[in-house]
Every structure is written in structure tokens, then in C-alpha cells.
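Have a look at the structure below, then the notes.
The letters A, B, C and D name the chains in turn, as written, and every chain counts its residues from 1.
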């Protein structure tokens, strides 16, 4: 059976005056129907760009320079505008980071919902309104009839994100791409929204790509995790990470330094004042990513081969994928 | 809403106070000053003068024009329609051209046409109104002979006291050049403003979200982006309208357009102070009125202001 | 409550309100044909009392808008408290003039959240670091200033030779080191850190946290650490204070608070932290949203969302009471043994 | 100094300037115009201020290449027989002087008011901004025209000539300062919220020092950007006033008064008296506007993207 989404060797570049910077280099992953994937990385790792390039929505001056995105067998990187428009918001929906910025401040919530339905389905306003009300109930918005006529600023942050989720659900898509959906929200609200998202994905059998920097969130919601570092894809799973970057990242988390339940055997034994395991240096900027493995200048396992050859994502001994020369 | 109205009125009074205060003491010339002073009561303290002036002004008496030997307000009211008509037509030109051009060049910033528009607009900002007017007269009236070079033709009275050139073609021809000249200075500003705001709106998250929702492109541009662009454009538009009334002075001088601006320059030459004062007060009043209307429209377009007003 | 004499800093019923009603005109409202004057006041911090002991790290956690940053700025003297007292080693500092406050400026310093906004973009790093030294030590020689600044830069892990650069030439983590260095050059004993790592990436967060802990060890610093990240707080703190809507809910040692939270809000907050490998479904669901601090709920500020709220909670503001293990909890339910 | 020069030569500023042909061309144009204006006494073949030099018989001589042109007068003469080329150089000098002077004055008042208003108490801010509002609600032209009329009336045309330049600087300066005040105030308010200002307060620095040393340098970028546009506007304002007969007198002409003096002869055939000063005025304003445009794009990275 073919997967729902098959991203292979996706490369995204940004055109500057003289050169093109590579923002996403040769990223591959697949997602089957109803599956949930976490895309994790620090800021600048290219995870959001990857999310947008699935819908072919990379904003200028960015462009998809290579690879393919097969969705239900169709390559979206080569699809024409009409096909793309038909898939966006219909088969694949997106949820953005900041619900404050995502909803248009001068249009009512009702307008923004109904226009989405009518862009994809031949229905009357009345019917569209009924669908909108139904979805608002699904995301537990109280008194949805009244809410339809209100403007976004009349809602609280958590409510707004529920509305964005309701908009994503309008056309019953088979895949939702959520780009940091809870980063702008408070902890308690964040937990509610993640619960809601998980519940809806399970009940509607929707696929989910969750883009986030929070390993904790991802480990609770998704079945697969891909970790990105400086435009690359260093996929592995949190349970017992293979790639040195993922291990370092986990070791840097206070909750993993404090507790031993992260499945991370190799984290250095906590010193006197529970020093955190730190990755030295910082993420390279896109204009000076090192040759070879992009992580080599911060990696403690680095050898000569790492500075010359870029490691490819491959199956390691226990069947997991990792892009690293030093992991068997 | 209440605070808004109170503030507007207070501001208007302040503006009027400053105008009138500055002007009440102004006299005609050194020679005539002393004689006039006593007669007009200019030796009274300023506040007394001001109070008297304001009292008269509130009763519609802005003094008497020396030259016309008529109440200044009457003179102005007879000239106002010509100026307002000119401003109106110029404003129409600005809206009709700046919106499509601004939106287009924001959507396609790299296209040849956009660059051309931008190039023309910066040249447009750099040419003074009176030079545009002179050059246009030379080309279209003197050289080609297509359009009349000055005056208002034979305006038709459409209401009592309101004569218009908009009703017949031969009259309308008179307003073409002046209104283009008048719009020439503001048009580039508006194109650039709409383009800049539109470009900003096109890069917002909600426009990206609208695209991700699969909306047709025209809806993304005209509903999601353009509606948000309107807010700053309306605000600036209100201020610019006031400035445009000031520019009518130049335009009307070149085209000898029988409006308030032309009258103002004549009044300066004739040292007709009462008329000058009345003119400034009248223009100030128009300005305050326009700004109030603009604020109301702004509140109508922007849901956030509407809510704040409701509280 | 701890003895006043041993505390480094004591807050006594500190209140901070902001009047955001604007000018007189904005306050006037036309209601029912009559003009009324209405003030809009943000109740950012309400009646908060606690002590900070020398050498400890006291963290204040809470969701955005709970007043934790306002509290930090009131303590350091950026805001003037509306009510209550702040004592530094037993001396009142909340009512001092700028001149009177000057001696305390070298003893208390602050580290800010945004590494991009907290350094003046038009000043070189060296100028940024030298300014406080020169200001507080008039007549100090250039060589001494340089030596002091270089020593601190070395300590925080920024090469002193980079002092000639401007802030924009540094990465976020390095800037935060410079920001810490600026606080340290005057050799303070108490540092208020307002979300010092929340703008940084995870791998950089660890670097900065380690640096802060190292500095605390080397210089025997006391921290007031403001954060919304509970796992960071658990890691770094001696004691933790939880705030909700400007009020203190619970204050306990880190082990007690994270091991056995008593206040219903603390319980809900802790259950919401996404734990790696944990189960998502165990969240305590809170109904509704955080009310605005403009119109505070009556009684306990949490009653609208609290699963244990009863009639008394709506009526009466709970006082912080000390439990057997030394924790402070402000909850009628805990007091009555319901929770 | 040498180090500074080297740093300038390697700077991104110079690099992107040189890569933009429009910026380089307009800069060159501006330098040529400005230097020939400043050195007018050197370049100009005649002194238009010297009445002894002017012969009314030379009036309305067409430019050199037209029938009846006189080799002594490259661009012809005006209605009084002055050499137009010399008059333009001297006139441009007056225009530039008034433009730069007026902007310097606007900037001084505006920056002071903006700083006080942004960093001072809310009451002071309210008062200052209300004044600026009132000032703005009258467009600068109107204020200038009105004051011009008053001053000309009180001084009389003869004495007005002597005070014309300082008066125009004053009137255009006074008319437009709110632009600066608002720009500065807006960026002071934005900077004031930033944490580096709070950090300076935690150090214990005095408000004046924070305002001067920390906030002011960070508000200068927008000031620089509007300054170019304001110089162009001031030159245009002066020209407009002169065109209405309220600016520079014909005996000491600026570009605007040259255009005015030629206006009445324009349609009777002597087009050059208006055309040449007009073209120079347009070129001068255009070159400044283009430079300002480039500077704004350079300093505002958000706009720089396209």
C-alpha cells in the first residue's frame, strides 16, 4: 500500500542576490494514513520550511530546489496552481503557531470559516454555516452560533487556536500539518490544545505532522519522530536516541538530567549541582554550514570522515534511521 | 465614543483658538495700523478681542472683507464650491489610479510594469505642482489645443449658491487639467503607501493561512490583504486631504480657477486681512470635519475600534 | 515565615497596580445619560509576601500575565510598589529616592529575557560592560576598569578580545552571557533573572543554565528566578513560588512542590508539563480561561477554574498559611482539608 | 582616522550603494548640482545680484542655440536681462541654503520635542503632542503662506528682501517640525520599552544620561531617513512660496522666484525663463528623493527584501 505522504530528498533553497542558501537539504520521510509524525529541531533547523514546502507554500525568496512530495500518489512539488489550491485546506490543512496572527483581524470568524468551505465544496451559505457550527462544537467552543459573528480579537488565545483547529477540520482532511501549534500559549492551555488535537486525529483517522521544538510534547502525541539539525534530517526516536545531536539535545533537558526515565543511558552522570549536559557552540547560520556532517563542529564523536562526507539517512543496526557515520 | 467626541470638539476648539488668536492681532500695514487699531478695538487685551471675535464667529460673522465690501463668510461660501469640486475630482483620480496600481505593484514587485510605476511615482513626487500645471497647460492647451488653459467655463447652478462644472462636457473640460495637476503630488504618495502596506499585509501570517486554506488568489489579495491595507490608507488619506486643500492655492493660481485658493492669493495681494482670517478658519473647520468623518470611517472598517467605542 | 533578620530580601504585602485608564477624557463614559468616571486598573501583583534567603534560588513560576515579571521589576526598583514593603537585609528599599537607591544598585542586579533587546545595539560590548563599573566607581583608572571587565568576560565564557564588537555580531547564547556579565561587573550579591533562557534554543538553554549555576557557586549569589518553564525551575531552584493572576498560590521547596503539590492550581500546572515518555491523558483539565487582571474575580482568584471551589472561595480571599513542612499555601480547601 | 576610512571602504553600506546604479547616478547628479551651486561665484559667468552688470536691452534673449541667441548668455536671459545660467546657479544656492537650513531647524526642534515627549511624563507628552497635532492639521504650506503674507505686509516689500532668507528658514522650519517630533517620539517610545533601557536604569544611570546616551543614538536611523525627504520637501516649499510671490524676491531669486518671473512670459514665447530653472529644480529634488529612497530601503531590511 502506498503511504499517505512520501517526502523524498526534499531540498529547499533561498535565493539571495548572488547565491542560494540551502534551508532544507535532502530530507526524506513517509507517513501512512492516520499516522502521527513529530518534526523536531531548534530554531533555524528548517523544520517550518519543510512543513510549508509540503504544501508548496514556501514564501519568496525560497523555492523547492529538488526532491518530491508525493501526496496520495500526486507530486505536489510539480502540481499546477489549481491542483494545489484544491489540496490546500481541503485534503491537507495547516495550523499555525500564533493564533493571534493566523486569523484575519478584520473578518469575522464565521466569514473565515465559511469562505474555506465554499472554496472547496459547492454548498450554500446555510449549509456551510451548519458545517462550521458542527466543527466549532467538535472543538468545544461554547455557544458557537453567537461566536460565528464575532471578530478574532474577541476571543482568548486558547479559543483562537481552537477556532484555527476547527477551520483545519472543516473539509475533513486526511492530513494536518501543525506548525508549533502551542508555542504561543500557556502551559495549561497548551496541554488542552494538544489533547484536543490528539483526540481529533484519533477519532477522525487523520494523519498529523507536528512541527515543534519541544521534545516533551512530541513524545506524548506522535508515533514517529524526525529530528532536524541545520537543514538536515537526523531522524531517530526519543526512546534511545542514536544520533549524537539527539542525545545531546535530550541531555540538555533539565527533566532528563533530573530523572532517569528518559531511556537515555549514556547521559553523563549528574555532577554535584546537577550540571546539564551541554552541547557546545550554537547552530551554524545557513550561510556557513560546515562541510560534511553539519553537526561536526559541535559533536564529540567527530572524526575525519565527518568533516568530508555528508552522512546519509540510513537504517542502523536496530532498524532505526540515523544520518551519522559514527553510529553503527 | 464619548471620549472621542469630546476630544474632537476640544481639539477643534484648540485649533480655532490658535488660529484666531494668531490672527486677531495682525494688522494690515504699518501706516494703517494705528488708525485701524482703535476702530477695530485692537487695543483691547487679546482675550477680550478673542472673546469678541469668537462670539461673532459663532454667529456666523467672520468679519467683513475690505475689498468685496461683503461679509467674509459670504465671499468664501461663494468660492467654496469651485474648490471643493476640484478637490473632489482630484480625489477620485487618486483613488481610481492608486488602488489598482498600488495593489498590482505590491503583488508583482519585480515585474517591469511595477518598476515603471515606481519610477514614475518618484518623479511625480519630485515635480512641484505649479510646474506640472505649467507644463500641462503648455502641452494640452497651447500646443495641442485640446483643453482650456484657465478659468471655470460657465458653471451651472445646481443648487442655490452652488455652481458646478460637472454637468456639461464643455464645462467639465475646464476641470480636467487642474484636477490632474492637483492629484499629481498626492497620487505617487498614495501609490507608494498602498504598495508598502499591501506588501506588508501580503507577508502576514493570516494571508499565508488564507493561502493554506486553499482560497482563490483573488480572495486572498482583495479580501484578506486589501481590507487590512485600508486602515492605514484611510488614516493617511484624511491628513492628505487637508494638505490637498492647501495645494489648491497653487493649482488655482496657475489655472486662475475661481475658488478659495485663488481668492486667498488675491486677498494676500490686496491685504484683505479679514478675508484671510476667515479663509483659514473655514479651511480649519473643513479639516476638522474631514478628520472626524475619517475617524468614523476608520472605526467602521476596523472592528477593534468599534468594540472599544461600544464600551 | 522565616526570620526577618536572616532574609536577604523580604516582601511584605507587596501590591502593584497599573492605571491604564489614560487621560481624564478616556476615563469618562456616557452611561445611561450620565457621565461617569471609570478607571481601568490592572491588578498585576496583589498582596504578595515572602522572603528570599541568602544563597538560595527562589523561582517564581506562573502563566503569562500572572504578574511574575512585574514582581521582579518591583523588587529591583524599576516599578514603584503601589503598596506593601520591600526590605533588603532589613532596610526598606521600596520608598527610596534614586539617590538613596544608588548603593543598592551594586548589590542587586538584573538579567533580562530577550538577548536581542537587552543590549544597546549602538554600543560595543566593552562599552556596555564598562559603563556600570565607571558609573559606580568614579575616579577608577582605565586599566582597572579594563581588567575588571576582562575578568568577568573570561568568567562568563566570552573572549575579552571580542569586546570591540557590537552585540549584533554575537549569537543569542553569547549575548545572554554578555547580559549576565553586565549584571556581574558591579559584583552584586543578588540577581533577579527574568526568564533568562526562555528566548533561547534548548541546547543553548543548558549552556546558560550551567553558567548561572556556576556563577552562583563561585560568587555565592542569590537568585530570584522568573520562569514559566517548570522543568527548568525544578532543576535550578531551592524553593519555588507559584503565582496566579497576581496572587501567590503556593511556596515550597522544589522537592516538596514537585513531589506533592498542594494548591489545586499547582497540581493542574504540574500535570500539564509534557513529560518525555509520559502519558498525555493524565492532565487535570481546567475549565475556562485565565480572567484578565483588570477585573479580578472576588474571593480566591482561582475559584472560576478550580474543581474544588465552593461558596467560601467565591467570597473570601484565602490567606497564605504555613503547613507542617514549611510550605506556604493560599487555599481554603487545603486549610479545610478538602483538597 | 585611516582605520575608519578603511572600514568605510569595506562596509556593506558602500558595497550596496555601489551596486545600485540609480543610487550612484542620483548621488553623482546631486554632487554636481550642489557643488556648482555652492561654487556659483566661481562658475557663473555673471553676477546676477550686481545691478550694474545687467542691461535691460538683453532681456528675453533666447538660449544660445536658438535664433537670436547671444554667446554671452548660454541659456538666454530673463525678463530683466539677467544671464539665466548664472541666475540658476545662484538661485540653486539660495534654494539649497533654505532647504538645508529649514531642515536643520525642524530637526533641532523636532528631536528635542520628540525626546522630551517620548521620555518625559505623560502630561508633558500630551501637551507637546497636542501642539504638534494642531501644527500638523494645518498643512505646512498653509502656515508658510499665511506667515509669509503677514510678514510681507508688516515689513513692506523693501525691507522684506533683507529678511527673506532667515524668514523662509524660520517659517518652513516651524511648519514641519512635527514630522520629526512624531518620528522621534514613536521610536523613543519603542526603544523605551526595550530591556536595555531597563538595564541602564537598574545600573542606576540618571534619566538624562539614559535619554542622551542610550535612547537617542537608537532613534537616529528614522531621523536620517526622513531628513532626506524633508530637505526635498523644504526646497519644494520654498519654490512654491516664491512662486506665489511670498518667498524670495526677484532681486535675489531662488529657483522658485525665477520660475515665477518667467511664468507670465512662458506662453508668449520666452519659455526658457521658466523651463530651465524648473528642470534644475526637478533634478535637484529628484536626486535627493532617489537618494532618500535608497537610504530607506537600505536601512529598513524589511523593505529591502524585494
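Here is the rule we go by: a residue touches a chain if its C-beta (ideal position, glycine included) is under 8 Å from a C-beta of that chain, and two chains touch if they have at least 3 such contacts.
Quick caveat: nothing in here was measured; it's all calculated off a predicted structure.
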Moving step by step through touching chains, the smallest count that connects chain A to chain C is 1
Disregard chain A; the chains then group as one piece
Contact tally winner between C-D and A-B is A-B
Here the gap between chain A and chain B, centre to centre from mean Cα coordinates and rounded to Å, is 52
In chain A, the residues touching two or more other chains are none
Touching two or more other chains in chain D are residues none
Listed in rising order, the residues of chain C that touch chain A in the complex are 63-64, 171-174, 201-207, 209-210, 213, 217, 228, 230-232, 234-236, 268-269, 271-281, 283, 285-286, 289-290
Listed in rising order, chain D residues that touch chain C in their complex are 122, 126, 194-196, 198-206, 214, 217-218
Residue positions on chain A within touch of chain C in the complex are 42-43, 156-159, 186-192, 194-195, 198, 213-217, 219-221, 238-239, 248-258, 261-263, 273-280, 282-283
The residues of chain C that touch chain D in their complex are 23, 73, 76-78, 98, 101-102, 105, 108-110, 112-114, 117-123, 131-132, 135-136, 179, 182, 186
As the complex stands, chain A meets chain B at residues 55, 57, 59, 81, 85-90, 93-94, 96-98, 101-108, 115-116, 119-120, 151, 153-154, 164, 167
